[in-house]
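The following pair of complexes shares a single chain, chain A, combined with chain B in the former and chain C in the latter.
On to the complex of A and B.
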């Protein structure tokens, strides 16, 4: 009897100890009602990689438009350059949230879109002629916001801006834009290449349920993006909800002035499409956070969490769509009440994702490596 | 009655049982501290944070910067001294004080397991755990005894019994038994564990785990007490704790509990364990078998000991029921939730956005919690009212120091409990900076919109 007991104890302890390295390979064809692996491949193959591809195409087009403008600084070419910039900037809103793997290791988001951009520093660097845009200290003088300054912020109208590209500093100016675009292009190409060469499989095969598994990590990244960059960065900070004073200069695409809400809405659409597992550019959906919630049968208060979250996304979209550009909302209204109300709708999604969704999925937010009860 | 008293209180029993308990407890504590240290948790939990949450009445207990490491070092050293039985009384008092101080430093890290260690080490201060197979006994043969009064072992059994039984009682509620919550949420995410991975997302499995978990907790003290069921009970103990270890991130606790339940066995097993250790280290075990009985001397101090132990157990029995004095749902308000062996009962998540209003200008803004709290602290704060209140007071103080006048603090807090849709948790119209912490019911907690029946 005793031997038997200690046998059981021994085997059980061995089991407990070995499972500490949670890297046990699992046959994906199990009876689990929801396949995290299928969701991961849908994310990678139908959303993330196609979106990055489209973004790379936009960056190429942006380079082309710039080349024409550089060779012939006319108003038409400026407008074309601006159009390409806006189109690429909108596409950026669809990839900004994927800050995991290759994008995370190069810090793509912080290199592409730190705003407000430091125009004094740009002017200084430009005239000095020596600068290294890959330095992390130079993140606030490059990317889309720096381009915004060059194509929208140098003068009151197109003629004034064109004049700047014909004055004695034009070489330095073109040189600086060359460097900004080269930096954006390299970063983008590297991220796209890394996803396609190896990271896709790393991402999809890490289909477990630990804090380091792809689903857990990416859901954290996704919510972090929504909360810090979409909600706070694009609306909350310029509105002054964390400081008490509106800061219109902190609006995205400040110099353009008219498109901040358009960029926001693109980002909102992207996060909702991602939630629903909608393929990029194709009207089709796959396994997603929404279907995961359905599979977990999270029926709450007689309504399904998937529907509640989508309804709130729609409410936020309606509220923001009714606004003018964020810059005009903030500059022309004291206090900017309509934008505050819209912000509240955007805010309401945060607890739904951060509390209800993750607790249904048993994903820990900001995973803390400490013991539980 | 006298007979019972004699049998369970004063009758001499082998001191070897308590000695084994002391040795294994000391070793487990030492390993736990080394593990905690090696994971970098001292730095992460007690040095890096800018702010620490305090227990009501223990606001003075704060980490002491880099010296916190010394505190852990002292605690580890005391654990070793307990294990080898060197200057035992001093060692166990030092262990109790240092360990408890560590737990008091930040409420964020509260675990029932840590409370259990504090309580256990407190009771061990009063036990003659060093009279057998210890350095103390070896150095001073006058202090060496082979037998000790039965109560010194029985009180450990009682404490373990209370922990299990109360944990079982706490599971007798409608969420646990009728909705299989929170296991219904937690288990499906464990689909990648070996053997059980396929089963954990089956609903019947979730109910089976819930019901058998409750039955286990309620029955195990009795199964361990009764000689005939004891071996079977110990197998259950091992299976249960190993399962919890595999399924949940609960660190050292399962091992500590497995080892603690060895106290229920007959002294013959403990003698075998001691013989094994003796052989391992070449210690002569026989010299401790001196046939003498340890005897608490008469006098004020020993009598005080009995009184303290008696009051201690009264409190252990009563304190978990203090929640009955509060209105509202215990799981929701958490008034009287801690220190009651309520383990793994809730999947509770919250989100708290604080609004600072300048009372003079009416200007307001929201707080970015990450400016002040670590991710772990923010997470724990967002669903526990006493944390929310303490943090609100901190915010008022902080922003008034920053030059804001007559600061009022409001919170928009949403909490989800055991799979229910998140709802408003704290009355958003209440200026929290005006509310005081106390043991009185917190009437600014919004009422729970559902009902959980049971204990």
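On to the complex of A and C.
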């Protein structure tokens, strides 16, 4: 099974000074073997598909809780709906990074979780009664953030929110949530079905080492997720790291107000677990980016790169765990220094993955900052 | 202490001209200021209000093109603004006697004796404005598919394309980078036919200023070229700090500057403008024309580089396992406008663009011609071959421009 040999260091001795002959010698001791195919199987079978399955279960539960709330808009049913929403939203953090294949085709991430959601537009569409939530221009009025608005943002307390589901617009409101949930459900079901029916084998069998191979592509997607969505989307943008002006409205789950850290930490755990090849929901690990680095014997400043990366994930977790809710950190501190310091720990993982790890694996980064127009 | 920054810092540059073989060497002395700041008897002589106004009009039209309640009449009235008409949100623009349409394909060198091409080119821009309203706006809430206009996602953005995949707003905006901005700069204001028109040289030699102004005619012409590049920068005397101040050439000088392969090009363009202007003050016309040649080369390269860049980016996006049509069509639409703009470039020390109008027209037909649905059918080889052909006319390489 040493079919695939990667990261081979060739010591090429070229004798061509006086003759036309060339000889190339390879030092066998420096050959490293790592099976990318085994890593891809572990990713697909033990992490990606089980995670999607669990997410689909969450979406079903969310629909069930909503159905109860719709039939009887009590505070208890609102709270149960909200609980299911949070549970599904947390599970979303474990699948958001898998934007390859079926999820990439439908643009799952930007259909599920664009925030801030445009509440003015939601109200307008809801009142008009005509809207097509599958249009790309409507991605900012649906998904988890739109639900956040409906279950947390319509009033100052539960009584006020419940009142909105009993007033003259309640039909329009329920109708809109129906459409949001139907859209989330269809997208999820299609992605899960596509992974199981065909994409799993496409993904696992594309086990070479090139810009179009599954490992190279997914490592890019993984780092892109970490950098743009976890680090920037959940912390950097609301903090104003890139613009100099904090924007508390841009925190994830703004209307709920308390859980943005929890969602972030779930995403951080998911990226670290993925790095370590940890099975979803089972305390077991398989071939992973971590074991790949170990096989390559990657060291940085005399220390194992795998250990350095895990230590930095842990440092980031410790720093973020110590914060109050992102919304309160940003709204109540000028500047929000504690959150900036935590952000710095989160940021430190980026070069470890994007420079050190990928160069050890001979993977080139294929994304650049978008044109912006 | 900040006041020190405003003191005119003069750099004395010595030019030794050695190109004469007969030993007739001359030493020229030009005061080249650190910033684009020029004065006569203590009065500022730099003025490019008209250019700033047109760029501001352009920015308003760009916004209106993506506001689906705008009518074709409104768009065309903005483009061909008549003084006093209430076309713009900015009242100063409404009061202006300037407009963009009359400066489209309007350079002395290329169009004063080619009114037929001028009319054809203006008709293109008129048509793109109308088509945005007629073809795109009715399908604003429709998903685009091959043969059907509508919206399509491009990352977190949404683009609005015609039935063949083109965004008319991009064609219009990027097309005017050539047809208005570049044409006016390279083929009009930096042309000796304009700079040296009538008694301009004698007047400049004698410091005879334009009635009621502190500048000579020649100085002003040069500044008008400058204004089309930097007219909206916060500090136009030191403009490179905020490249991207408009939606036209300025923005794309910034983009090319951001590519490591071309780092420094923004300063080269700025330095050439500044030294050329200083040379006019020093009445050193040879130096002026050398700087004009540098500007012609570099601005033409900006257009060539972006043409190649967008074609190559689109090729990569369409070649992915999951082709990203929205992002690719957006890139090609921008590229279409830049390719269109190639006919307004200028080879230094010649009267020729890098690509003639006929050649540009042929490229654009090729681009849309791989199947009945235009870009939905475009072959990757069409994009690659076109990028290669464009890069081959310039000094930069395909690889340098591609990333």
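Convention: the second predicted complex is superposed on the first by the 334 of 373 C-alpha atoms of A that agree within 3 Å, B and C clash if a C-alpha of one lies under 4 Å from a C-alpha of the other, contacts with A are read in each partner's own complex, and residues count from 1 in each chain.
The rule we apply is simple: a contact is a pair of C-beta atoms (placed from the backbone, for glycine too) under 8 Å apart; a residue touches a chain by one contact, two chains touch by 3 or more.
All of these numbers come straight from a predicted model, not from anything done at the bench.
K.L.:
Quick check for you: in the superposed arrangement, does A:114 touch first (chain B), second (chain C), both or neither?
P.N.:
A:114: touches chain C, not chain B.
K.L.:
A:281 in the overlay: touching chain B, chain C, both, or neither? Say first, second, both or neither.
P.N.:
Neither partner.
K.L.:
Identify the partner contact of A:217: answer first if only chain B is touched, second if only chain C is, both if each is, neither if none is.
P.N.:
second
K.L.:
Who does A:132 touch here: chain B (first), chain C (second), both, or neither?
P.N.:
second
K.L.:
Quick one: classify A:155 as touching chain B (first), chain C (second), both or neither.
P.N.:
Touch partners of A:155: none, neither chain B nor chain C.
K.L.:
So in the superposed three-chain picture, is A:104 touching just chain B, just chain C, both, or none of them (first/second/both/neither)?
P.N.:
The answer is second: A:104 touches chain C but not chain B.
K.L.:
Contact-wise, after the overlay, does A:361 reach chain B, chain C, both or neither (first, second, both, neither)?
P.N.:
The first partner, chain B, only.
K.L.:
Of chain B and chain C, which one touches more residues of chain A?
P.N.:
Of chain B and chain C, the partner in contact with more residues of chain A is B.
K.L.:
Using the touch definition from the top, say if A:350 reaches chain B (first), chain C (second), both or neither.
P.N.:
first
K.L.:
Based on the A-chain superposition described above, do chain B and chain C contact any of the same residues on chain A, and if so which?
P.N.:
Touching chain B in the first complex and chain C in the second, residues 368, 370-371, 373 of chain A appear in both lists.
K.L.:
Considering only the defined contacts, which chain C positions touch chain A in the complex?
P.N.:
140-141, 143, 151-153, 155-156, 158, 247, 251, 255, 321-322, 326, 331, 334, 403
K.L.:
Which residues of chain A touch chain B in their complex?
P.N.:
1-2, 5, 8-9, 12-13, 15-16, 19, 22, 24, 26, 30-33, 36, 207-210, 232, 236, 240-245, 296, 298, 300-301, 303, 305, 308, 347, 350-352, 354-356, 358-363, 365-366, 368-373
K.L.:
Considering only the defined contacts, which chain B positions touch chain A in the complex?
P.N.:
Checking each residue of chain B against chain A gives 39, 41, 45, 109, 111-113, 185-186, 188-194, 197-198, 201-202, 231, 234-235, 238-239, 242, 245-246, 248-254, 258, 343-344, 347-351, 353, 356, 358, 363-368, 374-376, 378-379, 414-416, 419-422.
K.L.:
For the complex, give me every residue of chain A touching chain C.
P.N.:
101, 104-105, 107, 110, 114, 132, 134-137, 139, 212, 217, 368, 370-371, 373
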